[in-house]
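Let me begin by presenting the structure, written as structure tokens, before commenting on it.
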Amino acid sequence: MAEIIFLLIVVPFIAALGCLLFRIQFIRASIIIICAGLLMGGSLFLIPMIPFAYSPGSFFGVNIHEILQGADFLLLLIIFYFGIKHKNLVIQALSIFQAVMLGYLEFFLSDGGGHDVVFYCDHLSLILVLIICIIGSIICLQAIPYMKNHEAHLKIAVSRQPGFFFVMLLFLGGMNGVVLANDMKFLYFFFEVTTLCSFLLIGHDKTERATRNAVRALWMNSIGGAAFVSGLVYLYVKLGMLDMQNIIHTTPQAGIIVLPMALLCFASFTKSAQFPFQSWLLGAMVAPTPVSALLHSSTMVKVGVYLVLRIAPAIQGMFLSQCITVFGAFTFLAGAALAVGQSNGKKVLAYSTISNLGLIFACAGVNTSEAITAAIILIIFHAVSKALLFLCVGTIEQHIESRNIEDMRGLYTRMPLTALITVMGVITMIMPPFGLLLGKWMAMEAAARSFFGIIMIAMGSALTVMYWARWAGILMSDPFAGKFKLERQPVLTWFALISLSLGAASLSVVSPWIYKLGIIPAMGKDYLSSYALDFGILENSFGVFAVLPLSLVAVFGFLIAVLAVKGATRSRIVMPYLSGVQTSEPRVFRGPMNQNVIAEAGNYYLSSIFGETRLTAWINIGAVILLTLVIGGAL
Amino acid sequence: MSNTIIAIIIGFLVAPLVGGLISGLDRIITARLQGRIGPPVWQAFYDVIKLMSKESMVVNVWQAFCAYAYVSAAAIAVVLFFLKSDLLLILFIQAVGAVFLVVGALSSTSPYSQVGAHRELLQILAYEPLIILVIAGIYLETGSFKISAIYDWNQPLIFKLPFLFVALGYALTIKLRKSPFDLSTSHHGHQELVKGVLTDYSGPYLALIEIGHWYDVVLLLGFCSLFWATGAVGMLALLALTYFAEILIDNVTARMTWRWMLGYVWAMGFTLCSVNLIWVILG
Amino acid sequence: MFKMTPTILKNFLTEKATRLYPFEIREPYAHVRGELVNNSETCNFCGICAAKCPSQCIKVDKKSATWECEPFECVYCGICVDACPQESLSQKELYRKPSAERQHIIIKGEIRPEKPDAPVA
Amino acid sequence: MQEAIQKTVQRTTIPFGPQHPVLPEPVHLKITVEDEIIKEVVPALGFVHRGLEKLIDIRDFHQMIQVVERVCGICSMIHAMCYVHGIEELMKIEVPPRAKYLRVIWSELHRIHSHLLWLGLFADSFGFESVFMQFWRIREKILNIDEATTGNRIIVSVNVVGGVRKDLSQDQMRWILDELDQIEQMTTQLESTLFEDYTVKKRTIGKGLLPSRQAVELGIVGPTLRASGVAQDMRQLGYAAFKELDFEPVTENNCDCWARCRVRYREVLQSIDLIRQAISKIPAGEINVKVKGRPQGEVITRVEQPRGELLYYIKANGSKNLDRLRIRTPTFANIPALFTMLPGMWLSDVPVIVLSIDPCISCTER
Amino acid sequence: MKKMLGKIIASTRMKSPWILHFDCGSCNGCDIEVLACLTPVYDIERFGMVNVGNPMHADILLVTGTVNHRNKKVLTNLYDQMPAPKVVIAIGACGLSGGIFRDAYNVVGGVDRVIPVDVYVPGCPAKPEAIIDGAVLALKKFEVLRQQKLAV
Amino acid sequence: MLENVVSVSPDTLAGEIAKTKYEGFRFVTMTCVELDADTAEVIYHFDRDFTLKNFRLKAAKNADIPSISHIFMAAFLAENEIQDMFHLKFKGLIIDFNRTLYFDDNAQTAPLCRYTVSQIKSPEPESIQNSGDV
């Protein structure tokens, strides 16, 4: 037990220090690979152990709670330091506020702690741990070749990689801490650790833009931290304990915990970059792509939804819960709408992340058995697919030196395998029988009774199809005869891309069993399991999704289509239709004045409707109104 | 089990035949409305068989993949419909086909098919939410997304969900590529985009897409049939009336622009859906 | 929005406008300018038609008494018919049938003694 | 890696034509659009250029009638009429009055046929197929009249220097009047569709605006100009028998595609009226005069084609062949309007606006 | 079996010829007659013919008008983009030989100077009836092409 | 016969045309007539209330003619056409097709000139054999 916790939380910290100290590429890479292996193994070892609760008394002889107190204040001090360094009053004020609140909690209210269970691991935590350890590790592995290229491209003399990997690994430990912690003070500490890691990684490139965006991320997340710590104080004042499981399952009176729950939700919203806090996540896209993949799509932002899912049983049936549904659905729609207006690949991914997190929040708000199932499925598959897409974009970006979707036109001829994997990633995002769509299906069926929820989800879903489909389409947009040369990539890159894409596809096929073995226990006794599993078909009283049969049909259909492509390579290749003025070049026509003109084609970004500048203000206003509703409803 | 197999066979083989026949009838009725005689009833089949036998010619081999994916998705959606599966699932599978049609069109560099593809996406944007809301309305009324349960409902849904039926009519018009919504591609090639998404498909692949369209027609009429599921006569009458209304609308309206389509369909469709949903929730 | 409805419904219910062309052939109007024919009996190869023809598709060789016409170049204007002093040229009321090959018409007549008062172009 | 410059509006370059189903005529427009809003239009001509002005070297001035008829098949009779007017003026030939009236009848029939054709194509350009079918169905009646009276459906070849080649009998005139009644009835039936239908109005009103000042400055002619509120109709010059007939130029003040459609629609009715007047007033007598001699000198003749002012410049030197023949067709004058009308409109309006000037590329390029 | 399939294909080919109309420098006379074929009075859709407006879909290329130096390339481009089996119908005096314009300086001549022509429809302009006759003749050509392919 | 004919020289052209525009005349078209081997005559036609006004400009073929397209935008098409057909050159043309308005590379240039020999840039391609003889 202790070993596992040690392995999952402390080992990454040690490995991180190792990265910082050994400034040799090879040793650093070895440390990362070993750490990744340990984490993956450790997470798998966790499976047979759960559920368990564990409260270490001391750590190398020191009372763990005292360590925590010290670390907490150290952390806030560091944040305060950055506040001063970047002359940001908000950060300074918020860190002081948090320190005061924490001090009040630690020194005036509580007696040094030790009554609550520190770590608790159930299936929900396990799912998150698996995501963090496996996907996170894969991303870290891919980051090794990526950062090498990255620095070569930026022509940096003294490598900043030690610092980078230090924070990356530190983050993995912190993340594991968040999902395993049961004592909410620990939870708060790890929560802040991830905030700090995110800040450091966003600002890694040290450009003016990176710094600015990092600072923005820090102050926005500090708001969340402040809300979090206020919730803790309120809870402790009212209940006298900070044991998560206890609070949720032994709710004395609903009325008491509404406000702290709303505050925790608020903290979640900032962490998951829901509107109106989306700007920090968008700014975070200046970071190297592995950072975006790890922190800003598959793991850290999941902390928010994880927290809300944790407390969901406690707020079941409350007005707060309904508000979260509407708020989540709104974010889903708004994120999708803004993604439509983007041509920057990473921004599309960022908005899509925000949008999907919104959908998960909406599910958590609906708070029925189907909805919670949907939320967990979405968390799992979103993590896999989105990490894959981020890594793809990163790889493409290093190759074509642009992250603009328009520049990826006809990428298939230049980077066939990467392009295919990207298309695969997109397909897993929007198409049945893949997991995300399964989750979306469950979400819609669950949300059908929420009037505003279903309308916004319906619209958001169509918008989602729009921005993904056109991206997948233009990757293939070039005439080619079917013969291509495989591009060269580092082994670790291939490993990351291929394992993630295979994972996304194969996990989807077994999603009914994931449901049976992982999600039903994760929902625990708070929700009745809803779907019956039969021949790989998920069925409940009002809906049915034939996962396995459809997957088999999909595989069959895929094989036919591949054969069709093989057949098509034998057909005559003609130039595309250009009104009869085409030349022998596929995209060139003979235009006025006997000149050759390139028939450019641009995607529709509908900037007049979905433009960022046009929509953001309105969406923020809407989000603020809804947030007020969430908090106001709690009061 | 035998029922399942029969349903699969019907969905897989009979549905396209019905769809083709409907297209043939559609062309005859359109011709009659225009004072012409029109083609034979079987014309749609002649066209497809002819296209099948033509030289295989592609701009990009990826098109072949997309054509097959489109027709398979459309077929699976129809088969699932006949298996009385989940409505929402069927819609999503149908959407796979629509997306592959777009992806296939985007794989050609011709601006005509590129613009067509984007318009097709905008059409998806216009009709998909409506169908989802219609399905949600049906669920709110019958308490199930499963077609089997909906067909067992004791009274025709159209009495309770009339506005949703009209909203479904918008989706139907867009999906059947009827005027005023024949934006991305049109049945007759007198459009500013030539053939839009289908511009660079030819021969057998075009035939596949045509077959996929037949499946789509059957699927959409299937959706309409849910609204009068209590008797075969009533159902057929409703379907015939609906389809005739589609042809009529096709012939009395000009083709509109996508901006208008988005605005109009969203404004009208969402109002109709909202009114009906609120009615069902309150009533 | 449905202003066209009465018209198309009327079309639907009343008789079609279509002429079933290859099955029912309409009686041509009188004096329709169709296929150009030359009667070799009456032609005196004076060459006026060749001179007048705007398309210059007629060639007449008086000496060998040949009247040549490129039917694919003829524009069916009827100028030659109007000009023909012998009324040897005439136009059928139907067009020349489509063909799969190029065509060339040569009419050979008898070489006649030249009349002194024959009109010359 | 630097943040890529945010380009949210992407350009699409579309080669519109020469083969394009909406624009059957081979003209090429290089259209640049952003989100389907037109930014730039550059035309390319020359796909129909035959060079028939040069044929004067090898065809005599009589034969040129048949050549200029084929400048454009839709308004062939009017081309020939303009040409023979010029030759007659050079040779100082007085055309018999009956021939003048017959020219009016046939030229107005041509105008009706051209306008009906255009109304159909225009409807087709915004995807209203049944209106297209209906107008072309009506138009067949005009072609029947042409075929019965002149011997050919489209290129009628009735003009000769000094008059016309064919005469109309009383029976034929009565039949024409009957047919015209039917045409009028069938055309007016479609009026509400063309001008009041919601979808049609959406596609035509406010599209391709051309204010009257701009129209005059650009030298726009014909219905396009009249739709901008300028009453200019070359028939007011009184050529053929027009000075003896009663008519007012049709004008509309909307300056958009709707107005252009309206002008042409009303001109159909106006032409029907003119034919009725001509038939009621037609004098008896000869239909042509014998022509002797050869033209000499320079002349400019102008007539009103269905598309607008048609101008022929003829320079003759007394020989069988002309010295210079210059044809300025209305579309040639109207093409500059596209440059001002298209930018800012939507891609789906391209066919509507291009057709709204009734382009005849075959005329333009000769 | 194969023979029967061949017969079915042959008969459908006869019943569904899709046309592509290209105005290759015609005076519009033949063009509007081609269009008139589609309209109620002639209605060639009776024979399954539709004007698809796109070479990739077409079986029959209807060419009206003379070929000149600029559209020569366009004509071959369109012809190349049509999938086999395909036939070409030249319509009107201009399409057959250049007609009255064949001596003009920018005229190359008839369509058969650039691409092989299977059916010639004379007329100036060719009447819709003649165009229908030409199309019927072109359908026979499909059968000939099929026989040739079988022979090979 | 031609009425209201005013002779202009290349120097006075722009002024006269601008004046005409000011007087409310509408640009109708331009006609070019080749006079002899060295000179061509460009006639500008303007119209006001159905009355034509013509300017005659005698121009040497090898010299540039000032364009009036900046005064009357509509003139650009006519000027381009004259450039194509007579191998003249207009200076200051707002949209200059550079003698490619009608002609492709391999076509004849200046076809309407009788006195100067027009040349063909590239030889005619061999015509394809007719395969319609089945």
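A, B, C, D, E and F label the chains in the order they appear, each numbered from 1.
The definition used in the following text is that a residue touches a chain if its C-beta (ideal position, glycine included) is under 8 Å from a C-beta of that chain, and two chains touch if they have at least 3 such contacts.
Keep in mind the model is a prediction, meaning the values are calculated, not measured.
With centres computed from Cα atoms alone, the innermost chain of the structure is B. Farthest chain from subunit C, judged by C-alpha centroids: A. Distance from the centre of subunit E peaks at A, each centre being the average of the chain's Cα atoms. Subunit A and subunit C have centres, each the mean of its CA atoms, that are 80 Å apart.
Between the CA-based centres of subunit B and subunit F the separation comes to 56 Å, rounded to the whole angstrom.
The centroid of the Cα atoms in subunit A and the matching centroid in subunit D are 64 Å apart.
Look at where the CA atoms of subunit D average out and do the same for subunit E: the two points lie 27 Å apart. Shown for subunit E are the residues that touch two or more other chains, namely 22, 39-41, 43, 46, 51-56, 68, 70, 73-74, 78, 83, 99-100, 103, 105-106, 112, 118-120, 124, 127, 141. In subunit D, the positions touching at least two other chains are 12-16, 18-22, 36, 42, 46, 49, 51, 54, 58, 66-67, 70, 128, 130, 132-134, 137, 140, 155, 197, 199. Residue numbers of subunit C whose C-beta contacts span two or more other chains: 1-4, 8, 11, 16-18, 20, 54-56, 75-77, 100-102. Within the complex formed with subunit A, the subunit F residues making contact are 97-98, 100, 104-105. By the touch rule above, subunit D contacts subunit B in their complex via residues 12-16, 20-22, 36, 123-130, 132-134, 137, 197, 199-200, 202-203, 346-351.
The part of subunit E that touches subunit A in the complex is made up of residues 22, 54-56, 73-75, 77-78, 80-81, 83. Of all residues in subunit A, only 410, 412, 430-432, 437, 440-441, 444-445, 448-449, 451, 454-455, 457-459, 461-463, 465-466, 469-470, 472-474, 476-482, 541-546, 550, 553, 557, 560-562, 564-565, 567-579, 586-587, 599-601, 603-604, 609 touch subunit B in the complex they form.
Interface residues of subunit B, counted against subunit D in their complex, comprise 33-36, 111-112, 114-115, 179-180, 182-183, 186, 188-192, 194, 251-260.
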